[in-house]
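Two complexes come next, and they have one chain in common, subunit A, joined by subunit B in the first and subunit C in the second.
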Partner chain A sequence: MNRPSLLAIAILAAIALPLGLTDFWTFIAIEVLVFALYAVSFNLLLGYGGMLSFGHAAFFGVGGYTVAILVKHGGLPLAVAFPAALAMSAITAAIIGFFSVRRIGIYFAMLTFAFQMLLYTVALKATGLTGGDDGITGLKAAGALSKPIYYYWFALIIVIVALALMHRIVHSPFGMTLQALRGNPRRVEYVGINVRTHQLATFVLAGTIAGLAGAIFAISSGNVFPGWLNWTASATPIVMAVLGGFRTFIGPMVGAAVYVMLEVVISGHTEYWPLIMGVIIVVLVLMMPEGIMGMTRRIRDGKR
Partner chain B sequence: METIGLFFTEHFGWIQNPVVVARQMLAGISNGMLLFLISAGLSLIFGVSRIVNFAHGVLFMLGAYFALTIAGFGPESGLWFVLALIAGAVGLFAFGAAVEMALLRPLYQAAHEFQLLLTFALVFIVGDLVKLIWGREDHAVAVPGLLTGSTEAFGVTFPTYRMFLIVFGVLVAIALWWVLHRTRWGILVRAATMDRHMLGALGTNTKALFTGVFALGAALAGLGGALAAPIVAVGPGLHVQVIIDAFVVVVIGGMASVGGALVASLLVGIVNAFGVLAFPSAAVVLTFALMAFILIVRPWGLFGTPE
Partner chain C sequence: MANADALFHVDGLSKQFGGVQALANVTMSVAPGELRAVIGPNGAGKSTFFNTITGLFPPTSGNVFFQGERITGQPPHALARIGIGRTFQITSIFRELTVRENLQVALTGRERRSWSIWPKARTMNMPRVRELLALVGLTDTGTRIAGTLSHGDQKRLELAIALAGQPRLLLLDEPTAGMAAQERLASIHLVGSLARELGLTVIFTEHDMAVVFAVATVITVLHQGAVLAEGIPAAVRAMPAVQQVYLGEAVAPVE
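For the complex of A and B:
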């Protein structure tokens, strides 16, 4: 089967999916959509740009908090809150990116990490705006979107558009330059391309999309917590991307789906989900560094 | 003018009180010394292996828990406290060596993201194991009898344990300097920081060196945790603030520079101590602001070298 028809089947399946699901599982399906988008946005940095951000949760959190604050305190509709969330996460990414892309590699990881912790502290301390430790709860979409199945379709449209946009970008000349940059930044610079501007633009794009994912999730889960911005939250997209395989566009989506399902099933049985996730990461890193997509590709190629 | 005056008295009124300033200074320096023990190890490990050890905070926490258990055998007893310190350092030395050999060694050739993920996995694993073994609640460790109470210096009374921390930190700093600059092993460590491939090519057993450095870094963190145990709440959340501060320190001081770690630790410790007085709810922001400032004027850190 060729790729367009596979894609069409996948989209149809995604549209039909909630028809056979209870409300609980519809929420889980929304979570999969959200984290698929989040993981792919992260992979723009890691997989395509070779930039390991350890603070990607900052933008997910900013998107979520922006929507939560505007809806809860401002009483504004999603039509205003969502664009505002995009703008806020883009601005945040521009500021953090400005400082962080000065130093790529391990320093970049630490800087993004540090800035995210700064935002975490703000979320925790600015109690008047963010509710502090208690977060902001009881968020709801107005009208038809308050039904899980409609919200699922609403989220699905946004996620498909955003994914298509990112797919288009990574295959554009901009995306090609980005990948060349991952391989050899110095050489790209010698060709006359401004490396930092390129990295900053990618960082802002990735941050904005992560903010969008956070915005969708704030309404579907009904609340935001400072934990969204905590450092452990930034491991999530990395684990998803590596689990699925960050050398492919689709890998992080697969990783996100597997991760969310694992979390739902395992944390239903034990409160020590972090422990089990830690062990999964160790196995992943030591035994199958190419992730699920890399494994399936190797098995397929081996059979030929 | 009046509002400025009000702002000043509200946030900086304490400046007029020399006793408060002196006490806070001492608290800042002693916290800075603890921070130095952690960030020196972080810096050493990074210098030699180029791995940023996200798990360094949980190593510190583990040291505090080891001290909790050992000191529990003889509360306020000086002997048991010394044993607790030894347990923190030696226990983490062994733990660090085991982790390095079993988990990190296969990853030295792999990309950064795998190394970071692995140290991250350790955070989750150790963080939960600690809850399984010692429970979720916070514990307290008693200050040993000899070091309780307060001591007078410069006409101000200071908590004795804080004074002890400073003296101990200085001794560790001197010992570390001696090891790095006056022993053959130290020369190898510094050589590996400059060019580990060349060192390997010249016939040094870099595997053993890497294990040794990681174990030493872990031992320093464990010792720091054990020393901190009497002045912090020993609980499963202990590692979080510690690792953030340590990261800020190594960014300010310059990665792979132990001297930079010392200066930056004291700086961050002092800024934190006075920040809490001036802006109780926003003190953390100050250290980040300091870090951002350093990054703008000297992106490679105070004592680092530009690449």
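For the complex of A and C:
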């Protein structure tokens, strides 16, 4: 089957999916969408730009908190809160990126990590705005979107548009430049391209999309917590991308789906679920060093 | 500026790394169309000279001029845009990308299209890519992963990347290093004929004297960061000081 028809089938299946699901599973499906988007945005940095960020949760958190604060304290509709979340996460990413992208490797990772912990502290301490430890709870969309199935479709449209945009970008001249500078930034400079501005633009794009994911999730889960900004939250997209395969566009989406499903299934059975998940993920990554998509690609090419 | 006709001029350039004086007050003028060889023993400062004038790091003191403009300390991407291209002593290509993509990235830089998110990059500039591949003798390698090419072919690819930028001044740091003797001469003759064909000015460093004397129109000898001698090949070869520090006592006559 060719790619366009596979894509059409996947989209139709995604649209039809919640018709056969309970509300509980519809929320899980939304979570998969959110984390698929989050993981792909992260992979713009890791897989395409070769920048390992340890602070990507900062943007997810800023997006989520922006929506939560505007909806809860401001009583504003999503039509205002979502664009505001995009703007806030973009501005945050521009500031953090300005200081971080000039550093390479572990220094970049440490800086992004430090900025994220800074925001975590703000979320904990600015209790008047953020609710401190308790976070902000009881979030709800008004009107039709308060029904899970409608909110799912709403999220699906946003996620598809954002994924299409990122797919476009990674295959464009900009995206090719990004993949070139991943391996050899100096050579990119010497063909007349300013590496830093391209890295910064990628960082801002990735942060903005992560903020969008956080915004969607704030409403579907009904809460935001400071834990969203904790360092463990930044490990999540790394694990998803590596698990699914960070050398492919859809790998991180697959990784996100597997991760969320594993979490749901295992946490329903035992309180030791993080331990079991950790073991399963370690085994999967050891078995498939190029991730799930790297593995399936190899099997497909081998059969030909 | 000392020399009004020079395409490229360096004035009192020095570079210090901690206690090491890698470049010591180097002054040099290169006229349009020249094929200038910069030679000298290991550690003489040849690569440092290239790195300083192409903005990899700023000089400790001194100035660099290109087409009459002062370009000291400008970043590499700015220099590439005004027509200075280079290759590296340790071959610098996009190893994970295909040969074709290597050149497409270079052409994207040349055309200032690295910001466009349209069209699909994969099909861009194909006629020009084929031309460049033919120019350096890499026809039919377009879909190979660049890192899998032989060492010599990787060097040729890097040359094509530099040529894609349509430079006026081309800086080649040891363009034949690591090649077999026969391949070396063929490579430098390729550089010579491309330079004439495209009207390029070339500055190159090289250890193999046969290669140097095959194409160089002017030779500058660096020794411990300073210019020891400069002149046409026959004159430089005859200088006792040069023979002593660099060429050794017995200089084999080159045809």
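Throughout what follows, the second predicted complex is superposed on the first by the 298 of 304 C-alpha atoms of A that agree within 3 Å, B and C clash if a C-alpha of one lies under 4 Å from a C-alpha of the other, contacts with A are read in each partner's own complex, and residues count from 1 in each chain.
The rule is short, and it goes like this: contacts are C-beta pairs under 8 Å (C-beta built on N, C-alpha and C of every residue); 3 or more make two chains touch, one makes a residue touch a chain.
All values reported here derive from a predicted model rather than from experimental measurement.
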Per residue count on subunit A, the busier partner among subunit B and subunit C is B
- Query: Once the shared chain is lined up, is A:Leu118 touching subunit B (first), subunit C (second), both, or neither of them?
  - Reply: first
* To do: Considering only touches as defined above, state whether A:Asn194 meets subunit B (first), subunit C (second), both or neither.
  => second
Please work out whether A:Trp25 is in contact with subunit B alone, subunit C alone, both, or neither, and reply first, second, both or neither. neither
- Message: Per the contact definition in the header, classify A:Arg103: touching subunit B only (first), subunit C only (second), both, or neither.
- Response: first
Practice item. Figure out whether A:Arg186 sits in contact with subunit B (first) or subunit C (second), or with both, or with neither. Key: second
(message) According to the stated criteria, A:Gly175 is in contact with first (subunit B), second (subunit C), both, or neither; which is it?
(response) second
* **First, second, both or neither for A:Trp153, with subunit B first and subunit C second** => neither
Seen from subunit B, its contact residues with subunit A in the complex are 46, 50, 52, 103, 106-107, 110, 112-114, 116-118, 120-125, 127-129, 131-132, 240, 243-244, 247-248, 250-251, 255, 281-282, 284-285, 288, 291-292, 295-296, 299
Touching subunit A in the complex, subunit C uses residues 54, 56, 75-77, 80-81, 85-86, 92-97, 101-102, 104-106, 108-110, 112-122, 124, 161-162, 164-165
So, in the complex, the side of subunit A touching subunit C is made of residues 168-169, 171-177, 179-180, 182-184, 186-195, 198, 201
Listed in rising order, subunit A residues that touch subunit B in their complex are 46, 52, 54, 99, 102-103, 105-107, 109-111, 113-115, 117-118, 121-122, 125, 231-232, 235, 238-239, 242, 246, 272, 274-275, 277-279, 281-282, 284-286, 289
